[in-house]
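Okay, so chain A shows up in both of these, paired with chain B first and chain C after.
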Partner chain A sequence: MRRDVLLLVARQFWTSVFKSKAIYLLLGLTLILLFYAAFSGVSYHEQNHHRIEHQQQARESWEANPDKHPHRMAHFGTFAFRLKHPLSIFDFGVESFTGNAVFLEAHKQNVVNFSEASYSTSLIRFGELSMGMILQLILPLIVFFLGYAAIVADRENGTLKILLTQGATWKEVLYGRALGLFGLSCLFYLPFVFATVALLLMESYTADVWIRLLVILASYLLYLFIVSLLTIIISVGSKTSKNALVKLLGIWLLLVVVIPRTSQAVGSFLYPTPTKLEFRGAIEEEVIQFGDSHNANDPYYNFIRDSVLEVHGVQSINELPFNYPGFQMYVGEKISTEIYVRHHKELLDQYRRQNQLTKWLALVNPYLGVKGLSMALCGTDLETYASFQHQAEAYRYELAQAMNELQIKHIRANVTSSEGKVNVVDREEWKSFPDFTYEYPTVESTLGSELLALISILLWSVVALGMMNYWARNASAL
Partner chain B sequence: MLEAVNLSKKYGQKDAVVDLNLKVEKGEVFCLLGQNGAGKTTTINLFLGLLDPTSGKALVGGLDVVENKVSTNQILAYIPEVVQLYGNLSGLENLEFFSKLAGQKIASDELSKLLLEAGLQEEHHKSKLSSYSKGMRQKVGIAIALSKQAQVIFMDEPTSGLDPKATDEFTNICKSLAKNGKSIFMATHDIFNAVNVGDRVGIMNEGRLIYSSHTENIDASEMQELYLKTI
Partner chain C sequence: MYKLLFQQFLRTRACQLGLTLVLILGGISIIIGKQFLTDQGRLADQATQMQQEHIERNVKLHGDDLSLLLYYLKFALLNETDPLAGLSVGQSDLNPGVQRIRILALEGQKYDSDLVNPTKLLYGNLDLSFVIVYVFPLLVIAFMYNLFSEERESGTWQMVNVMARSKSKFLLGKLLVRFLLLAGVMLFLIGVGAVVLGVAADTAFLLFTLTALFYLIFWFALCFWVVCLRQNSNVNALVLLTIWLALVVLLPAFVNNYITNNYPLPEALSTMIKQRDGYHVKWDTSKKETMEKFYEEYPQFANYGFPSEKGYSPTWYYAMQHMGDVESREDSRAMQLKIRSREASSRMWAQVIPSMQAQLVFNEVAGTGLDDYMDFLQYMNEFHENLRLYFYPMIFSNSEVASVDWGQFTPEVFTNSNKSINWTKKLGSLVITILLFSVLSIFSVRKLI
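And now, the complex of A and B:
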């Protein structure tokens, strides 16, 4: 391939496209969409300030408690607010459908509440317009529109024969046009890059965020490269321009609507998940079998009490050197948490099985690949949400057990009730328990869990290049 | 300059060109007449290297087209029935692009001269090609061939759809090209124009060259009679 011919063909494609008014209309519309999506992203991200504020208020409220019985503090509880990842301005992912605040208290794993979707109209189910979504769904349509006739129109009107007799090879024509189309798609893509970088620069973020952004931007670039090549491949393989356009629209529908929806439906059918009620019911049913840790005379805990009395060589819990009800609740918390964690893990595993089909399908559908990777790196996917749930539950458990330990250590042995202002612990203890802070999964672990998506994008790039080379050898100008 | 040696092309079981033998010398205009589907365009495509022959050889400048595609492409040019090119670009921009593609680096004023030489008036050089008539587009096609300094020009039904004045202009341009040493191979339905512009005329039917003669030996009405008899 001669570089000058390649660039000449690419430049001619550009010039030809820019002589048409349609390109300016498309660019204008894209910029309006970008503006809207960026604005949505920023206002979406602004919610973080409220969440930080609420988290601080919850903490102040926790610390403002007077001297109290620790078990009352365990039930006073606190809130964990899920902060949005800085990159969620770019891709909203499943954020709108997942809750963002959870009340943390002893013995009880509350659900994460207050999702955007629960306070919005059903329109949100069509998806909010994020920058990522425009790049994933709308930009391919624009590329298809700009490039569907790139080769086939020249064949239809005989210009291709002139191109080839003027000395250009098929490879130069195909790659030249692909380069021109990819260049055009980059022109549409660049404002998104600038907007995202500019919005991120408004606050200072860690290297992790910038590394994530770099991978995201590279993935979208490859995605557009694939879309551009695919457009040229369909154009060269079609008999008429109309045919090429219909094929490309069909491919778009298949990749963006049919395959993702079907894979989700099949996943849900193959791996059904319990309703919220069934899930809670199953946990409670199991927890009940292990008795009531609040009741010092609960038959289930009798064997524990008897063994503790035996070890300490005493007859009654009042003679123990520590507060036994606190100890019993410590054991009870451990048991109920293990049950919850197991059930929750099973539920998440079921969701993961459902999603697994979609993840594997990314190998045949680059849209699924880039979508999965984008959501994961923007911290708006199911796994990130699961990591929040995991960390919130771990914090809740630590909090409950820390209060139980305070009760064991500081409340007299014969005290079985937490009522009143006599059997209390100094309020300074509340401050010594650390506040909840959510740590996002590292970029390494995120990339590890999205390996299939990464492979998909790289594989599709290679496959598309292979198909281009195939057509360069086998295409006909007639 | 141009030679077909036992040239044959089959599409599956169907014969498109059968055992074609012909020569077109330097500065000669050869017009090939025939019905739709007679094999005229297939013959041109074989010479352009866009189709591989089933048997035989197509030679351009003494070189086998199949084995020397790059070299033969350098000395030939092609003008289709309708020169569409890129409607969004002007005639001058189209010419610039196609001449660069052929490896020619020609200054803008030189390109304008070529367009003038091909018969396109200067006021149209910078207008969008989409506003051109068919005849004006043909002239851009000729300018492309001129810019490439092609020795052999293949034309496929170049005068179909042209009005008499435009046809006459086109005929004169072809004659002038031939005078300057270009060999022209023209597939056409236009018997009168073929006899007028061609040095030799051939009739093709079902892939076979069934008649070939110098135009000085036959006039247009005789040719028409012969054509109607033979097909």
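And now, the complex of A and C:
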């Protein structure tokens, strides 16, 4: 391939597109969509302010507690408000369908509530308009529209023959047009890059965020590359421009509308999840196997009590050097938390299995590949949410056990009631227990769980190049 | 002539491919609907069975202390699922259909969400309403975009010019063939769905079917108008697909983003905090003060008096719990109002966007919209209060656990009965858009000939 010929063909394609007014209309519409999506993204992200504010408010009332029995504080509990990832302005992912606030207290793993979808009308099921969504869904259509006739129309009107007799090779024509089309798609893509970078520069973010952004931007670039090549391939392989257009639109519908929904439906059908009643029921059943840690006469805990008494060589818990009910709750919390965490992990694994089919289909559907990768890197996928749930639960456990430890240490041995101002711990203790903070997963772990999507995009680039080369050898000008 | 047009159309690949696709998707959607209804039924059975076991076990465990027993006891409230929900799942896959309520502060329990896979929710349900709202218009476009242009492009238009008695009748004939075929397939799918899911043949079902039919007619009218504008097939295909994209993807997303940004709900978070503080802080404040506030709410219990400031009292405990609800009431109400405004706002927008209108009407008749869920939550307040008012006097007077007839507490089923169908509001806007495009088409057909 000669570089100058390649560029010449590309430039010629570029200018022919700009001869029509349609391109300006499309650019204008895309910019409007971009503006609206960026605005929505930023104002969705602004909800973090509410959440930080409420986190502080919840903390203030936690610290404002007077001297109290620690078990009262274990039930006073606190909240974890989920903060949106800085990159969530770019791709909303499952954000709107995941809970945002959870009450953390002793003995009880509350669900994370108040997802945006739970108080949205069913319009939310039509999809949300984010920058990522425009790039995944709309931009390919625009590329199809600009490029469907790129080769086939020239064949229809005979210019292709002239071009080839003038000395250009098929390879140069195909790659030249593809380059021109890819260049055009980049023209549409660049404003998105600028907008995202500009929005992120307004705050100071860690290197992790920027690495994520870099991978996201690179993968969208590859995605557009694939889409451009695919358009040229379909164009060269079709008899008429109408055929090329219908094929491309059909492919789009199949890849973007039909396959994702169907595969997710099949996945959910194959791997049913327990109802909440079953889930809670199963945990309760297992916990009961051990016994009730609030019950002073429970057989399992009686056994523990007797062995504790034996070790300390005393007759009753009143003679122990520490508060025994606190110790019993400490043991109970440990057992019930272990059971809950195990069940919750099983549930998450079942969700992962439900999603597995869709993830594998990324290998044949680059849209799913880029969508999955984009969600994961923007911190708006299931795994990021799972990490929040995990951290909130870990914090809850620490809180409950810290209160139990305070009770064991500071409350007299024979005290069983937590009421009133008699058996209390100094309020300074509340302050010294740190507030909940959420750490996002690192970019390494995210990329690790999205290997399939990464492979999909790279694989498709190679496949598309291979198909280009095939047509460069086998295409006919007639 | 119609018979020939029919045969000719049935032989095209677009027709065969399109019909196969929609029948497969329709079939899948009905299976999914059936699955959904089965799951809901299973849930109701579990709730009933569990409630009984749950009460029996706890009565045995805490049989000597009614106030302690009621701290543990949960009473289930079920949201009745209409079989139509299998055709239009709406929001009922993410909003819980059953809630188990204790007579403690309600605000901390009311919004407990279901366990759902968020990725599944993101990709959405493949129910029949999706097939009708998304897929059928695509078939209309695929069948219609070259209705006129193919004759011109393949050179047969001249023949039609010479042979047909009326060219507009010829075009309308082609249109009718396509419409009858798609309407037939759609009614067939709805019919099969209704039989499989056990939908009753009532006015709700009639409204569902009519909405689907009118929505289909709307697309035919729109496409007919566009194809009569004399553009070539490629332009038609692009224009129609862009319209489809705008109507079923971009505009709903636009409106949804707008509503989300316009009605943010920080009240949800503040309700949570106020509910907790409203109750918990009372452990450290004067018992008399709490009781006074409680008696203000329920003067009928004032004769139970004030407990001693020292030590624990069940009356005081349940009064404290109730304070959680009282002190978060304002925020909770503000939140309810805002959520209702969200629904009202989307309904208003839907009047001018047929795809949204169709989806919202489907969900409304199926009882799976946001409003229906809000009605359920509102009823939950009543349900909770009834339970409390039933148990309060027994707790306050230290009644025996055995004195309560526990058998009566089977899960309560909420049926939304205050629904009346306003036909003009539901179908009016669709009819108007159909008329609009029909009139436009008449003008452009005239020019064509």
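The rule we apply is simple: the second predicted complex is superposed on the first by the 478 of 478 C-alpha atoms of A that agree within 3 Å, B and C clash if a C-alpha of one lies under 4 Å from a C-alpha of the other, contacts with A are read in each partner's own complex, and residues count from 1 in each chain.
Quick note on the criterion: contacts are C-beta pairs under 8 Å (C-beta built on N, C-alpha and C of every residue); 3 or more make two chains touch, one makes a residue touch a chain.
These numbers were taken from a predicted model, which means no experiment stands behind them.
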Chain B versus chain C as contact partner of A:Q12, first or second or both or neither: first
Dominant contact partner of chain A by residue count, chain C or chain B: C
First, second, both or neither for A:G466, with chain B first and chain C second: neither
Which of chain B and chain C A:L141 touches, first, second, both or neither: second
Which of chain B and chain C A:G448 touches, first, second, both or neither: neither
Which of chain B and chain C A:L164 touches, first, second, both or neither: first
Which of chain B and chain C A:S40 touches, first, second, both or neither: second
Contacting residues of chain A [partner chain B, same complex]: 5, 8-9, 12, 15-17, 19-20, 157-159, 161-168, 476-478
Chain A partner contacts - residues on chain C that touch it in the complex: 21, 25, 28, 31-32, 35, 39, 42-43, 46-47, 50, 61, 90-91, 94-96, 98, 100, 108, 111-126, 130, 134, 138, 146, 153, 233-234, 237-238, 241, 245, 248-250, 252-257, 259-261, 264-266, 268-270, 272-273, 276-277, 280-281, 283-284, 310-312, 335, 339, 342-343, 346, 355-356, 359-360, 363, 368-370
Contacting residues of chain B [partner chain A, same complex]: 45, 48-51, 70, 73-74, 76-78, 80-86, 88-89, 93, 97-98, 100-103, 128, 141, 144, 148
Interfacial residue positions of chain A with respect to chain C in the complex: 33, 36, 40, 43-44, 47, 50-51, 53-54, 57-58, 61, 65-66, 68, 72, 75-77, 79, 81, 93-94, 97-101, 103, 110-129, 133, 137-138, 141, 145, 148-149, 241-242, 245-246, 249, 253, 257-258, 260-262, 264-265, 267-269, 273-279, 281, 292, 295, 347, 351, 354-355, 358, 381-382, 385, 417, 419-421
